[in-house]
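Input: one structure, supplied below.
Which chain is which? They are A, B, C and D, in the order written, and residues in each are numbered from 1.
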């Protein structure tokens, strides 16, 4: 039972990390119609920037500056790249970000080399916070959770209380409204793109040292973010939040499940079939083997029965 | 018997009741105009008839057969074709291709992928004839997206009539045209309408009163009057609700 | 324009096929030199080049001929590997070396085998410097293929020897990547422990997806609740470092028995998290020359570090080049058929001790060192981490066990 | 006139493709040509979805994979005498496998186009890859499935052991497939697919169900992808699950888009270019992936209709501009492209050399001059060229602005 709670809390943490990435992506996607393939690349850049800054000064310097740098870079890319492609349609935009992901990965390899960099958890947070039945819970993990919650609250406040936030909200449910209202839409797009990737950058800052900072980290995160965004529903931040948690927790929980089909047959009183021939593995696949594909399974099923996603306000 | 009949039609979007009980019979060969103020539900009515939406209650029958609830392509195959308020053409294809696509189903080529389109029956000849009819022969190889507005409207109508449908729905065919273009276009529509049943939504009252055999007035999702143009002009309820002082 | 010139260049390379130079013996090194796995290719490339330099520096082969390495980028794709193989053939190269990714290795082995069967008069020699998958010298063993490093089963045999000696270990948890190598490690561990220490309980036998787990904490929670005091894993790269980091952060104090913790980047990534509890079964670690008091191999490691500013990781690659040199000398020619015949039963006095090529399946037997990651009594640290490896158990070549029954067929 | 030119060019290309193997081209060139033929077929099939029907797929390699694995098994079955089919007809089996899979998955995929379709295709692709990894009994795991194409049962009596022979077979099938797909674009279905791509709603009001049009096109695309997979199986005789992975799907997407999706033969141009680049550029520089990414982005930014679009527009643009206009344009833009391009190459190569080469201290050869990356001079040269180029670019943009009114940002 304790293990179960530990795993649950851990799934929550993973889900929150996913949400830090998917929140920006969902804003960008809903507002601009661009499925940003390079989103995880900004996450990676956040980690590398933070590594570089923490080698100059402290981890805290990186925590503040790295997301800002990523945001500025993102805004510049929107201004000089995406905006140019915009007139060629969504496929071109999508492919642009696709190429961008490619390029950023090579750039990171170019600057920081091909090996993982030693980006480490700050010493001040590197201790055990509490222990549940022999399992330590580290302070850094609590810190990550704290940052994720703080970010969630900040984004909500930003959306509810500021003018830009209200504009974004209006645009999420009725994308045509903004044009009609004569706002400076290109600037808004730039802001949202910059802000969205800055959130991804922040996730990189706190996730990079918890996990590993290496050129492959963007690709590893990669497509699961799209799953969350599409699964949560277009235009719904709350949907993205729920989807992040569902996927985070489900994936974590599935790992602890080892029952295979032949176990099941045996439990029901039958004899497990003799595993021979093609597809014989079907009898020995446990949910823990399926954890990484589970999101995609969910995605395909959901898109077939409910294309607008969990809490989507409109079809794409 | 009426060729197209609408019985007790309702359509709600959530709490909004857009169409609130419409009964209307369109006779064979008739040119029927639907007028009404903005937001009266004219476009929704067309979308209900043509299959874009399915009604919340009531039904539409074509040739006596129920068509509400069918997909647009199924309704089209039963002989009802529509045009759109905003030109709805294949912008990346040339005029000839646009018309040829519109002709395909009625030429019986189906989803054929083993014969070249040009060799499929008399489809090319028919496309040329149609191009002549709508006056776009000179622009046959031009990209549809590059046509002038009026030409796009003509193409839109051409695609609507291409399949040989017996009932045509025109959704504001002259919207956005200048005065001169409207006049030419009205003549063109009159010619097109010969031998066919037409239902048309239109804002230009001159066009409506010069073309229509009968007129229905739609206000807040209900038909408040149906009748010959002169009766409608004289109807006090219509004058009050819609035509106002300028009629 | 570009298209044309590239095509022209392509055709030209093809037409220049027979322009082999007489006084160098060229060896094609096929590996990922670009893309996501280029780090692997680059490190291997340094070792292969270094091995050739060692041979050349000692006077070369035959009458002063030198070994030349020609690198081909396969981007870690099987079909690019086959294309690179054809290009190497075009250039008149008949000795190929490769090992990264068992999938690619098996594809190349397959291509080489087919080529040799279809061109019996002009065979190609395939030198594998260290694929983990046992099947290369099992069901896939081939007369023209030689493997110069112990496969995962042999390393696991050494690792389980140490586990068997450690009385504090009562419960073992096996975790590995869900593909061939991970399954082999699991199978071996279970078989060997059952034989060597039947009292040890296997409390977990887990496979996780290859390269896609970001957070190992749930797995660590499972290990914790199983009460294991040793974890056996065949993981490498980020799958290994993430596992150890997660274990450290959750307070798991079990010992880790690995095969790849000492190779490039991993000591850095593990760092203090692995101190005193990560064990590694490998043919080499930086302190081996010190422990063996072997001046020559210490010098070799130092030369490598001076040249490439990096630790020497894969001593077996150097061994491979040295043995190739000796085989060419023994055969008196660099013809693959002659070299293969010379290599087949060769004994070699390597930098870590005597080594023996097994004639039946062309698997090299060499000493293995099971060592612990520590800062206690270390002379040469690993990757400047301040931590290094200390041998706890040395298994000599003739003690290394492998139950392969494969028998190569002489053409 | 234009038509004859195209036909003439096609004939010349075909003639060259047919005769090249007999002009003494090496194995590499032949395998390269075979790979080109496979990629061309695959890219053409991809464009049946993307260019013709407007379906952006991230999982087209799944159907290629269906063809690959079914053909591998089919060839083995023919070799064992279980199936009486000549080797030349194997692609029919692959095509059937591709068709069957597309017919099943298409039912749930094509209900919507656009992003929903793209995401479903991505999800299905991930599932397919995962399934392939979970079932080593079918897909062979890491080592994959292999076969031997020399089955002693062929129509022509050829053994198909030599690369030239298999190349001829692949070429014949590739030409047939490309011709069939060009023909498809001229049929009523092909025309309707274009209509669905532009405006599915309108198509629905013309009596056609967009769903069925997409579905049939999707099945046809799957069929030819399966056929391409068969050709792959015949050429390489081995494959593991990576052939149906995202990398393969992304590659064909990039190739098709670079070639130009609005042209029927655009994918042919794209596949030729990308395959040649991938294989040859990587032999010139280790930074090829970087340049490749840059090229891709440049094409999206500046030439949305792809290379074919540039080729088609070029003669007209030259004619319009006249000699003097051309000279002015060239004088204006050649320095910009030269400076930015040259600067980029210098900086990128220097960076790569410092961060990734075997030995950063060794000089590297840049534009036929050996330079040392330890010096500041090359870095400054590169940076100055870059800045100057960007400055000129801005200047040109300003000068050009009045003649070329900026289109609004709105679509």
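Simple rule for what comes next: contacts are C-beta pairs under 8 Å (C-beta built on N, C-alpha and C of every residue); 3 or more make two chains touch, one makes a residue touch a chain.
Computed from a predicted structure; not experimentally measured.
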Third chains touching both chain C and chain B: D
Chain whose averaged C-alpha position falls nearest the assembly-wide average: D
Most remote chain, CA-based centroid, reference being chain D: B
Whole-Å separation of chain centres (CA-atom averages), chain C against chain D: 35
Distance between chain centroids, defined by C-alpha means - chain A, chain B (Å): 48
Distance from chain D to chain A - Cα centre to Cα centre, in angstrom: 30
For chain B paired with chain D, centre-to-centre distance based on mean C-alpha positions, whole Å: 44
Contacts with 2+ other chains: residues of chain C: 38, 42, 178, 209
Per-residue multi-chain contacts in chain A, two or more chains: 109, 113-114, 289, 292
Chain pairs in mutual contact under the definition given at the outset: A-C, A-D, B-D, C-D
In the complex with chain D, residue positions of chain B that touch it: 50, 71-73, 76-77, 81-82, 84, 88-93, 97, 100-102, 104-106, 109-118, 120, 159, 162-163
Sites on chain A touched by chain D in the complex: 33, 35, 81, 83-92, 94-96, 98-100, 102-103, 106-107, 109-114, 179, 185-186, 223, 226-227, 230, 277-282, 285, 289-290, 292-293, 296-297, 299-300, 303-304, 307, 315-316
Residue numbers on chain C that touch chain D, as the complex places them: 2-3, 6-7, 9-11, 13-15, 17, 33-35, 38, 42, 45-46, 49, 73, 75, 77-80, 82-83, 86-87, 89-90, 101-103, 106-107, 110-111, 114, 118, 133, 135, 140, 178-181, 209-210, 307-308
Sites on chain D touched by chain A in the complex: 50, 56, 108, 111-112, 114-116, 118-120, 122-124, 126-127, 130-131, 134-138, 246, 250, 253, 257, 287, 289-290, 292-294, 296-297, 300-301, 304, 348, 351-352, 355-356, 407, 409-411
Sites on chain D touched by chain C in the complex: 20, 24-32, 35, 130, 133, 136, 141-144, 146, 148, 150, 161-163, 232, 235-240, 242-243, 247, 272-273, 276-283, 286-289, 356, 358-359
